[in-house]
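Take a look at the structures listed below.
Next, two complexes with subunit A in common: one pairs it with subunit B, the other with subunit C.
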Partner chain A sequence: MNSELLIQLLVNGVIVGMLYGIVAMCFVLIYKSTQVVNFAQGEFVVMGAWVCLSMVVSMGLPFWLAFLFTLAFMTAFGVVVQIILLRPLVGEPVISVIMATIGLSTFMRALMNWIFGNSAVRFPDVFSQSVVSIAGLNVETAYVLSLVLSVAVMGMFFLFFRYSRWGLAMRATAYSQQISQSLGIPIGRVFAMAWAISAVVSGIAGVVIGLVNAVSNSLSFIGIKVFPAVIVGGLDSVIGAVVGGLTIGLLENLAEFVDGQYLHIGNMYSVAPFYVLLVILMIKPYGLFGTPNIERV
Partner chain B sequence: MADNGEILLRVDDVSLQFGGLKALSNVSFAVRKGGLFSLIGPNGAGKTSMLNCISGRYRPTSGNLTWNGEDILRHSVNDRAHLGIGRTFQNLALFGHMSVLDNILVGRHHKLRNNFLTGMLYWVGGARREELEQRRFVEDIIDFLEIQHVRHEPAGTLSYGLRKRVELARAMAIEPRLILLDEPMAGMNLEEKEDMARFIIALREEFEMTILMIEHDMGVVMDLSDQVAVLDFGKVIASGAPEAVLANEHVKKAYLGEADELLDELADTAERAIA
Partner chain C sequence: MTHVPNPRPTGDFRTSYAGDRTLFATRFETNAVIAGVLFVLVSPFLFSDYILSQFIIIGIYGIAALGLNVLTGMTGQISLGHGAFFGFGAFASAWFSSRGIPVLLSMPMAGVLTMAVGMVFGIPAARLKGLYLAIATLASQYILEDFFARADWFTGGTSGSLAETANLFGFQFDSDGRYLYLVLFWVIVSFVGVANLARTRDGRALVAVRDHYLSAEIMGINLTHYRILSFGLASFFAGLAGALYGHYLGFVSAEGFTIILSIEFLAIIIIGGLGSVSGSLLGAAFILLLPQAMETFANALATLVPAISQGTAYIKQMSVGAAIILFLVLEPEGLVHRWRLMRANWKLFPFSH
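Now for the complex of A and B:
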């Protein structure tokens, strides 16, 4: 057994899993506060990556500055999407809103194809060292950055929801829009904020993935990968999203290992998470951390 | 009835219609500043619908609502909380998984100025001072309602009587000038009712809030309120001082279920409207 490869893959699994985790958190954030399943989550990720890349490549900005601008851009983008696309749909059936996000996803994909082209572009070298060695393992610097950013984002999420005024307002709105409104919470602004946070964090994930893999429109696959992650963890649990993301990341890489070393079936990497998803849903239909929907009268 | 004391809220000719169903027809009454106004009536008479019109959940089909001389129909639900209208709900509506303290803090939302970013400049931005002020205010409410011992418990795990108190605490947290109480005593035992009555009296006297209450317990209504209106089939069938209202012929019959011309007529109209 090739234990070095196994460890390498496990480390990759954790790092990629954390990225899935933060995108999944964004997904859960929108679902929790607005009951909308956002099918454009993957496009948000790609958008972040393209914006950052084009600022580095065509405007020649230093990476960190481009990164900050990307954050600002994605915040504005999230708010605009909420105001233009979703606010007019308030009061419409949730399914219509979900269809609108599918439309948004198609629109964004076409727009990005048009503006940025459909070939993959690499980031110029933004780090002085492309590989760092941690405890004898070679890890790409981008991966380390990704891990640090993921943990930071998760920490911010936790602090925000636990201690901040708007975090509290968001939790309250997720629980009941009607009661929150009667307590003076402007729920329109809460929704806009949920979309903004979701867009920014997805953008961060996009930049990081872009650093490792090169940027292309196919990066939106992460929006698909997020589904098993979110469903494993439970649609309405932020912690579940992180755990689900890690689970999927590790599973992919373990499947890759088992397949590459013993089975030689090929492509287990992308299929295995969905098998596990099916099994988990058979045992726990609301996911590992989700709340069963019980109505008490 | 408007001659003694300033009017805080005036309900003027309000009707509310859901398709063919008239939930309220031409309801008018006025709540005096500092008063305790009770809305009574049989189940389904439209009492909660009336409250929902005031808090903004429903928009009346016709009629006017005047708050301090200003029309409030154009204000959104959350704006009305800012104006000073707070409410509790008939079926408990706490944020079940959040702690008692967090539940109350949600009510403070609109009073806070600092946000996540300025809060990071804890001392510079005045966030520290604000935090202390808010804490003191919330602590006062907690002390007043005697819920210190459960402050960190998730609200969903508390007993019914305590949850009612936490809900009252949350409504008080927005510092309302008018507080709408939807059946504050429902489902309580005698001891809990006495406590709640004590709190309601203090809301008026110590916190100087005006109260509009829906309640079925006649003893409580008679003891606490200084004005009563009776709704039946969406119409006000009597209003005025508690004793006078209780003595009213129609009211007795509405409650005892006896035959009465006025009520029969109302029921007929309601049936015809549905048909």
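Now for the complex of A and C:
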């Protein structure tokens, strides 16, 4: 038993899991308030990372300015996607909506391949110190930042939904679109806002992952890993998304550990979440925190 | 949904149950199908190998898309793992034929084996629908991809496996022209089969499950049975098409059967028209020819704007995504619907109704 490796992998699991959790939250946000499943979530993540990186590298902006620009850009992007692509599809069957976001993801992936290239690019050194020491453990600054940002984003989500007027409007829309519309909530704006928030937060996640690893188009794998996370947590539960993300992140790394130490099957890291997904779907399709969908005739 | 006037000629009423169940509604349709088959039969003597290879691929993709159309168009279940089943069929047929089973026999056998695998993965489909099912099939896509890379005995692992050429009593299907006949045979069998299915008890049950599954269940249709059945049928056609594809290329490797292929199959049925049998072929032709048309277009444009020349590969991929989106937003019922509108306009000209 190699405990040092195990601890390392568990720490990795928590950090990656937090990021999965954040992206899963974005996914759940869109699903809950607009009933759309966003298969392009991973591409949103990659886009945020690329935009910020290209601002830093080619424009020579300082990191914080580039980060702010990325936030603004992703907001606009989310709104535009919602208006152009999803507004015409309101009321269409689930299959059409799923396909539309799949089409969007194909389109965005090719476009970003073209604009930003296929290779992985590292951020130039953003922090003055690359390693900080916490309680005797040497931790990379990027990891600390990613944890801090993740927790901050989750806190902001909570505050926004709990206390702000728009958060209340969004919760009302999620509860019942028809009732909230008749009470004067501008549904169209709520939808656009859900997409904007989701795009911004995915963009933040992308920047953070870009800082930890490097920016490349393969980062869109997060968009796929989100599915096991949201299924574990329940599709319409924001807390479930965080729990699910952490579970999947830890599970991946544990699978990697068990596989590397004992089983030697290989590639468990990337496939284990999908086996879990299938099992969860079989025994508890609405996840840990999701509301069961009871149909009455 | 806009109203499409019935373009059948005046006086052409269906007066008997047999008339209502005919395979081809009008004589024009019968003739068009026969003409199409004859055209493909003589095409090896008319066209270059390149064009023939396009016909072959369109036929193969058409069969696979037809399977997905049974699942998505007829039963209303979505699958994001169709590409992996296609790949499974290719590997299965290569494996069977390497065991000494004649290729022509191993193709349908691969279809049946894929059907069995598809039904196993379809078990979640008995409980799930819509979105949950899409996610479950996404998982099956990745699990199967992982299996391809891992199962050396079956797929040759990362190096891939060889698929022999088909032969019938010494007649080798080794050139494009000859292979086209083989593909044509299976295209006819599967399309007639599915067109027939739509007219049977089972086919109507599938459509009932799609239209309103609760009502269907109340009417006594066994949901679990029919959902798994449609999964099995879809996988059968995917496997058969995959087998044809593998033996056509002569070499099967796992890289070709990713989620992108699954998305292409979905694009084919969306563009062709959900639930439309002939739409599957139209969509396949569209999805295969679109990137090539875009390439020509991009090359022409590149002479004006040189920057585009490195982007041709990406323009091809983007065109597929854009086609899905545009069809969903502008023409959700697919090419078949467009064709019906054109036909109605032609019949009713100069009146609009």
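Quick note on the criterion: the second predicted complex is superposed on the first by the 293 of 297 C-alpha atoms of A that agree within 3 Å, B and C clash if a C-alpha of one lies under 4 Å from a C-alpha of the other, contacts with A are read in each partner's own complex, and residues count from 1 in each chain.
As a working rule, a residue touches a chain if its C-beta (ideal position, glycine included) is under 8 Å from a C-beta of that chain, and two chains touch if they have at least 3 such contacts.
Small disclaimer: the values here were computed from a predicted structure and weren't measured.
Participant: Quick one: name whichever of subunit B and subunit C touches more residues of subunit A.
Facilitator: So, of the two partners, C touches more residues of subunit A.
Participant: Using the superposition on chain A described above, determine whether A:270 touches subunit B (first), subunit C (second), both, or neither.
Facilitator: Only subunit C; A:270 stays clear of subunit B.
Participant: Determine, under the contact definition given at the top, whether A:170 touches first (subunit B), second (subunit C), both, or neither.
Facilitator: So A:170 meets neither subunit B nor subunit C here.
Participant: According to the stated criteria, A:37 is in contact with first (subunit B), second (subunit C), both, or neither; which is it?
Facilitator: In the superposition, A:37 contacts subunit C only.
Participant: After lining up the shared chain so the two structures overlap, which partner does A:109 touch, if you call subunit B first and subunit C second: first, second, both or neither?
Facilitator: In the superposition, A:109 contacts subunit C only.
Participant: Once the shared chain is lined up, is A:89 touching subunit B (first), subunit C (second), both, or neither of them?
Facilitator: In the superposed model, A:89 contacts subunit C only, not subunit B.
Participant: Between subunit B (first) and subunit C (second), which, if any, makes contact with A:201: first, second, both or neither?
Facilitator: neither
Participant: Is A:179 touching anything from subunit B or subunit C once the two structures are fitted on A? First, second, both or neither.
Facilitator: Only subunit B is touched by A:179; subunit C is not.
Participant: Do any residues of subunit A touch both subunit B and subunit C, and if so, which are they?
Facilitator: none
Participant: Over in the complex, which subunit A residues touch subunit B? Could you list them?
Facilitator: 160, 164-169, 171-172, 175-176, 178-187
Participant: Which of the residues in subunit C come into contact with subunit A in the complex?
Facilitator: That would be residues 72, 76, 78, 80, 123-124, 127-128, 130-132, 134-136, 138-140, 142-143, 146, 149-150, 214, 218, 260, 263, 266-267, 270, 274, 310-311, 314-318, 320-325, 328-329, 332 of subunit C.
Participant: Touching subunit C in the complex: which residues of subunit A?
Facilitator: 37, 85, 88-89, 92-96, 98-100, 102-111, 113-114, 224, 227-228, 231, 235, 265-267, 270-271, 274-275, 277-278, 281-282, 285, 295, 297
Participant: Write out the stretch or stretches of subunit B touching subunit A in their complex.
Facilitator: Listed in rising order, the residues of subunit B that touch subunit A are 55-57, 76-78, 81-82, 86-87, 89, 93, 95-98, 102, 105-107, 109-110, 112, 114-116, 119, 170-171, 173-174.
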